[in-house]
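Next, two complexes with chain A in common: one pairs it with chain B, the other with chain C.
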Partner chain A sequence: MAGAAPYNDERAREIIKAHMSLEGPALPILHALMEEFGHVPESAVKDMAEALNISRAEMHGVVSFYHDFHREPHGRHTLKICRAESCQSMGAEKQANEFLAKLKLSWGETTPDGALTVEPVYCLGLCAHSPSALIDGEPVGCVDMETLDEIVAEARR
Partner chain B sequence: MTKIYVPLDMAAVAMGADRLVAAIEKEAAARGQKVQIVRNGSRGMLWLEPLVEVETPAGRVGYGPVKTKDVAALFDAGFLSGGAHPLSIGKVDDHPWMRQQNRITFARVGVIDPLSIAEYEAHGGGAGLARALQLGPAATIEEVTKSGLRGRGGAGFPTGIKWKTVADAPADRRYVVVNADEGDSGTFADRMLMEGDPLSLIEGMIICGYAINGTKGYVYLRSEYPQTAKVFQAAIEAARKAGWLGDNVRGSGFKFDIELRVGAGAYVCGEETSLLESLEGKRGIVRAKPPLPAHEGLFGKPTVVNNVLSMGTIPMILEKGAQHYADLGVGRSRGTMPLQIAGNVKFGGLFETDFGIPLGTIVNDIAGGTRSGRPVRAVQVGGPLGAYVPVSLFDLPFDYEAFAAKDSLIGHGGLVLFDDTVDMLWMARFGMEFCAIESCGKCTPCRIGSTRGVETIDKIRRGEDVEANIELLKDLCHTMKFGSLCALGGFAPYPVESALRHFPEDFHKPALEAAAE
Partner chain C sequence: MTLIKETDFGTPESKSEKMVTLTIDGKSVTVPEGTSIMRAAMEAGTEIPKLCATDSIKAFGSCRLCVIEVEGRYGTPASCTTPVAPGIAVKTQTPRLAAIRRGVMELYISDHPLDCLTCAANGDCELQDMAGAVGLRDVRYGYDGANHVFARNNGEANFDWKPKDESNPYFTYDPAKCIVCNRCVRACEEVQGTFALTISGRGFDSRVSPGMDEAFFESECVSCGACVQACPTATLTEKSVIEIGQPEHSEVTTCAYCGVGCTFKAEMRGEEVVRMVPWKDGKANHGHSCIKGRFAYGYAHHGDRILKPMVRETIDQPWREVSWDEALTFAADRMKAIQTKYGKNSVGAITSSRCSNEETYLVQKLVRAGFGNNNVDTCARVCHSPTGYGLNQAFGTSAGTQDFDSVDDADVILVIGANPTDAHPVFGSRMKKRLREGAKLIVVDPRRIDLVRSPHIEADYHLPLKPGTNVAMVTALAHVIVKEGLVNEAFVRERCDQDEFRDWAEFVSQDRNSPEALESVLGVPAADIRAAARLYATGGNAAIYYGLGVTEHAQGSTAVMGIANLAMATGNLGRRGVGVNPLRGQNNVQGSCDMGSFPHELPGYQHISGAKAREVFEKDWGVKLDSEPGLRIPNMFDTALEGQFKGLYVQGEDILQSDPDTRHVSAALANMELVIVQDLFLVETAHYAHVFLPGCSFLEKDGTFTNAERRIQRIRKVMSPKNGYGDWEITQMLANRLGMNWSYSNPSEIMDEIARLTPSFAGVSYEKLDQDGSVQWPCNDASPDGMPIMHINGFARGKGKFVITEYVATDEKVGPRFPLLLTTGRILSQYNVGAQTRRTDNSRWHEEDVLEIHPHDAEERGVRDGDWVKVQSRAGETTLRALVTERVAPGVVYTTFHHPSTQANVVTTDNSDWATNCPEYKVTAVQISVSNGPTEWQEKYRELSVSARRIATAIDAAE
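The block that comes next holds the complex of A and B.
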């Protein structure tokens, strides 16, 4: 799975440099850092601010604005469960709450063994197959508790 | 060699299409049968996904929904020559769902291999651009204006007028930006078009670039659609290779290229100015208007921002002529709308039809009511900022103005069905919560009002001073509507107010009952 490489300043600077010819490179860089390391630590923020010639505070502002970028690594796998209206019409909210309670997690938290982070997402465009989810970027439709349990078991393997 | 189609559409994949392809290949090999599997877009009959189609001399025969465990039985039934099987739906083109539609934007989706330039051209692709090049930029814009096409992203602004504003703005460079942020719950048409016929979006962008004298296009795609990004990136590369993009577009001497950019999970970045900020690499804070993006858009340059569906319909309009499109629809809603039918629905999917179709016809006749089999209670039309429409308003025609007259909106054309178990007070609370989560934070009514809204609804749920708190909720909605800079804070009250107006009984449940839930 993506984002597993340990953080490395030199590699991060390479990634930043590789995107500098783009117009407005900040988001592509942040996505590339997430792809490589699974998070965007403070030293990456500092290096990006320097490369883009903006203040570190401004760079922080950008990183923190977007739900996709986070400062700490997540679990080895990420499960995004849709909780938007269409999925709610099929009982997604109740199901997700029961699932989270079973794992003793709140939204955004990671299982203590580091296997799985569970995040909310607001529509995956799979609304004719509600409830839906994404596991490490792979879509799943008509999700029931059995599917969720399998995902957890698979993640822990 | 038999040609088999298995969609690459994300909805089909979510229901196991990739595993199915592997199973069919394996079974065919074991039986010594030669098959060629084409990954097409989805036909939009999403309840049948994965829908497997087999090419036969009589036409394409469909089977769905197919699970990997059905594969052996399908081979046994002779599905490679269209044999009978309980999963067979007969000839796909003859299916009532397909025959009742008027597919213009989605004409090729599900039919062709989305990444084949040759198939695209064999199905009319390129004719629109050829005609635009013949007409010249000004007459091309005139055609778009005459077609009556309005923005499909939600606001319904006339596309031709937007293009003309950009073309007329003095500048050394102009941009074409496509809004593929598609954040509304209940919508997936942008995704399906980009996966099923990405070249039509690319052709639309080229035509736009030519018309406004711009050479660079961006597509801003939400990150929740990773599969779409892969397909669309492959389409860009195929288009470059075939000379559709680059320094000399199809030998015309016109230069144009497209870059795909991926968002980062912020709903507000679907708002066009927030999107531009995000493309520039900033926080997605909404800009005050004026200046309009048409005057000062991306990097301060005149910019067309159009939704995927608006832009993807352009080639068809140019190909068939403005009049053909303008002749369809009702009132000021011209042409067709790709409806997206979702939620607690029996037959969910994409259904493209002329404007004017009554809501009840869509919900009952086309969608077949709910999946649960219980009565429909409400339909949320137009995403999280759209109203909950009760059954008593089912004669409303699908038309921008008719919906607006009922304090509703058609938005991006999504319809989410709810059965009679829905708790409308909870849905109202969710509407406020969503606004609080996604607010860009620029205006107080949106940022603070939505949080107050959640708290107030929680008090109503607990049965505290219900009447007073309903009044407070109404006041909050009013403040948000009139004190917000963009439609996130400005329209978030619509679902709340509609819930209150049409389903007041849910706001007056005895506290005990609410507590027991």
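The block that comes next holds the complex of A and C.
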């Protein structure tokens, strides 16, 4: 799956180089790095700053602005559970807390076997199917504990 | 003098000439188009509350405190981002605005500590001021929720809180007090141009982050302090303010480091400097500074400072502390005895580019009128003497043609042998600002200096020539300009000597001067040279900035004249945005040259052989002057070794460390019978001195410095001299013991004498300087307010002179024994021989001199990063640590000369410029090898440094 490759400086530099002809290449490079490695570590921030001829502070400012550019490798799968108003009104918060307690995780953490990372998200625009979630980019509606358990089981396979 | 408070207009000035009239709170205001409503209001005397705006940086519109109402417009726009428009009516205070502002302020304060009474910014906090201005009376939100203020919340660790960052020795960063106004980030970007700061995260997680959430000291920060100055709270605060408290008065004075000549407000508490804040009205720096000027003034009260005069019979004895009277009498008696025994010409003096114009003037007056010879020289000999000579030949004045502001109009910037971001940092920031606006850049330098490529700056062409080939490069550039028909014919016809131009054009057109023919000499692709020449000649306003990388060569003067040729041939002279700009090294190197420090010139570059000029001085001073030029510094040393030069008065210059071929210098000094050193510290030269006269720092005396743009600026005494006297007083006391009858009671009287005798200074007086802030010479009847840009309608000498610049390779050639070329330079945090900066925390950035070597050369010699290596030339050898880097080209190594333990000048040779004897520091053939530790010379020198600095204690004296 996407983002599974272990981080490799040389490959990262290749990816950076491949995007340098674009106008405003920073975000496309970050997406490509995420696609390849699943995260953007410090050394990639430095290499990007060097390639784009900006300071590493500036590059850090960009990367840290977006929650979806991770600094550390995530689990093999990412589950984002909506915590916005509509889902909250359908009991999402309580359900999420129980789910996290069951997995012994906090928001943003990964299961010890590296299978799943659970993150919050604030509205997926799926309010009609609250509570909603996103598993590896695929939306899921009307999420109950059973669905969540299935997602964990699937992730661990 | 009370504390100077400068008006903050909130947003930068508009340069537009079109004026706009509007009404603000019923008052009619007329301002240039493009001015913000905030600024327009301030100009009319109405201060709109603000937090994220300050006039050194562009408007940002984030704090929402400066909201206003415009009649007929919807909503409450921010006054900082809203430009004025004709006829609009603005209201800055309405009940609606008051409510918005109070609400915004309440939110700010809900995440800010309420420790005002114990806060370092108490009394100087814009957040506090604004809370007062908007009438904040209550914070309804309480402090129980999420915050950045407390380390623990309700008994639990607060992960939003971060401890203070104290890593920078000069200022602290306390994130708990940060309101994320972005002023520091923007100052770092817009003013300094380093981009070391950012806001990391978003929303409630937003933080000021140096680098990638690094400590300040570890980050890309260069510690210029622009962020500290911009911070409206105590988040970024000078440690000195935390330690001492708020200042109560201030004086405007001029920095004593480099030739940029930044003016500062020395903010004082009593006689103690609380902080140095760059002065917004300073015409050289416009409110900006570097790490040295702002922070590195602590040497003035360093424990190494010598405060009592000392003498010794011979240099192997320990020093004896004596009274001023005894020291001066000892010096004067011995000086007289030497002249009686060895003749009038056996003594001389060296003036300092670190001292004021008045002090320099007095030393040369003492030599000419008191010693009766012209044996006076100055440290400019070893830096910009070729500039003086070369530009005088070409244009008729020994100085740069522009002011610093001129760079704002440059379209093409050609930097040759200068490293402004390290050596002239404040001007470097100006230049970078212009480059970010789109000016093109050509860098001619053997090293990949920061300007070649650093965040947001990239040279269009970097011509990494081999050290010592500047003249060939300049001629090759000229070849392209002439052969490709890029000469500005109209300019040359009108302004320059035609015959000389034709001879020159014929010379540079020869095939042997083409980039192709010189490719192997220069080591630079011919195509790059051609492209760079075309850019310089056709890119619009083209300005040349050059430094010691041009002058400190066997052909230094030739290269300067070559540069002048380029500017004349392309018509890049006599208006803003162009010109020939020498980046002068020291604070007063221009001034010390102006003041007649050279053995052949009286003040104002009037040749000593000219009977008319001499007569003026003879009449005023009441003595007969020698019409023969005296000895230059290298001649003094040579003559000393021959036994005919026996007495030397050195004011504020460490010749032993700064002059080339250290062993030659030390042998010459050891051969003298009287060396008087006047300095702050027992500098290296003092090892060979018989009399030590303690000098004082720029904070302890009045006077003037002249910067690289010929700008004369005041230095003002802010504390009593710790040694008892200003340097000018010491020279006067010495002179009077030598039979002079001087009675200057204030440096202003010396300036009046200078003005009386020097045509180009005729209009200068302290009164004028106090009134105008500064003046750029020439200042006389023809140009009463000085001259920012020279040669506007014609050259000072009449017709511009083209000089043929034949390239002659230096004698210092690489060969099997010495296959690498060593070139030397400076680093940002240290200054020159380091006597001052090494005695401050600046040393944390640069603790030792290192040798930069290319990976290829390092590998060939088995040198790894951090290894001790020996540098050997035909003059001597020294050891230091290696830094393996691609900044230098293969075949070139580089080091700095800030530390006496390294003594880079043990290695440099006695080669020098043919016209001015300026030493060839920039080219030395060397060999590098791995080494175990210091050389024999370094060991011996270390022992000498200890023994020569002994000061006899009471018990020693009793024995």
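Everything that follows uses one rule, which is that the second predicted complex is superposed on the first by the 157 of 157 C-alpha atoms of A that agree within 3 Å, B and C clash if a C-alpha of one lies under 4 Å from a C-alpha of the other, contacts with A are read in each partner's own complex, and residues count from 1 in each chain.
To be clear about the criterion, contacts are C-beta pairs under 8 Å (C-beta built on N, C-alpha and C of every residue); 3 or more make two chains touch, one makes a residue touch a chain.
Everything quoted here is computed from the prediction, not taken from an experiment.
Student: I'd like to know which partner A:Leu103 touches here: chain B for first, chain C for second, both or neither.
Tutor: neither
Student: Touch check for A:Asn53: first (chain B), second (chain C), both, or neither?
Tutor: A:Asn53 contacts chain C only, not chain B.
Student: After lining up the shared chain so the two structures overlap, which partner does A:Ala32 touch, if you call chain B first and chain C second: first, second, both or neither?
Tutor: A:Ala32 sits against neither chain B nor chain C.
Student: May I ask you to decide whether A:Ala115 touches chain B, chain C, both, or neither, giving the answer as first, second, both or neither?
Tutor: After superposing on A, A:Ala115 lies clear of both chain B and chain C.
Student: Taking the superposition on A as described, I'd like to know which of chain B and chain C A:Val45 touches: first, second, both or neither.
Tutor: Once the two structures are laid over each other on A, A:Val45 reaches chain C alone.
Student: Please work out whether A:Gly61 is in contact with chain B alone, chain C alone, both, or neither, and reply first, second, both or neither.
Tutor: both
Student: With the touch criterion stated at the top, can you tell me which chain A residues are shared between the chain B interface and the chain C interface?
Tutor: Overlap of chain B and chain C footprints on chain A: residues 61, 65.
Student: For a test of understanding, state which residues of chain A touch chain C in their complex under the given definition.
Tutor: 42, 45-46, 49, 53-61, 64-65
Student: Applying the document's contact rule, which stretches of chain A touch chain B when the two form their complex?
Tutor: On the chain A side, the touching residues are 22-28, 30-31, 52, 61-62, 65-69, 80, 84-90, 93, 121-130, 132, 134, 137-142.
Student: Flag every residue of chain B that touches chain A in the complex, lowest number first.
Tutor: Answer in residue numbers: 10-11, 13-15, 46-47, 49, 182-188, 190-191, 223-227, 259, 261-267, 278-285, 299, 340-345, 348-349, 371, 380, 384, 414, 416-419, 422, 426-427, 430, 434, 437-438.
Student: Report the residues of chain C in contact with chain A in the complex, numbered from low to high.
Tutor: Touching chain A: residues 194-202, 209-213, 219-220, 453-458 of chain C.
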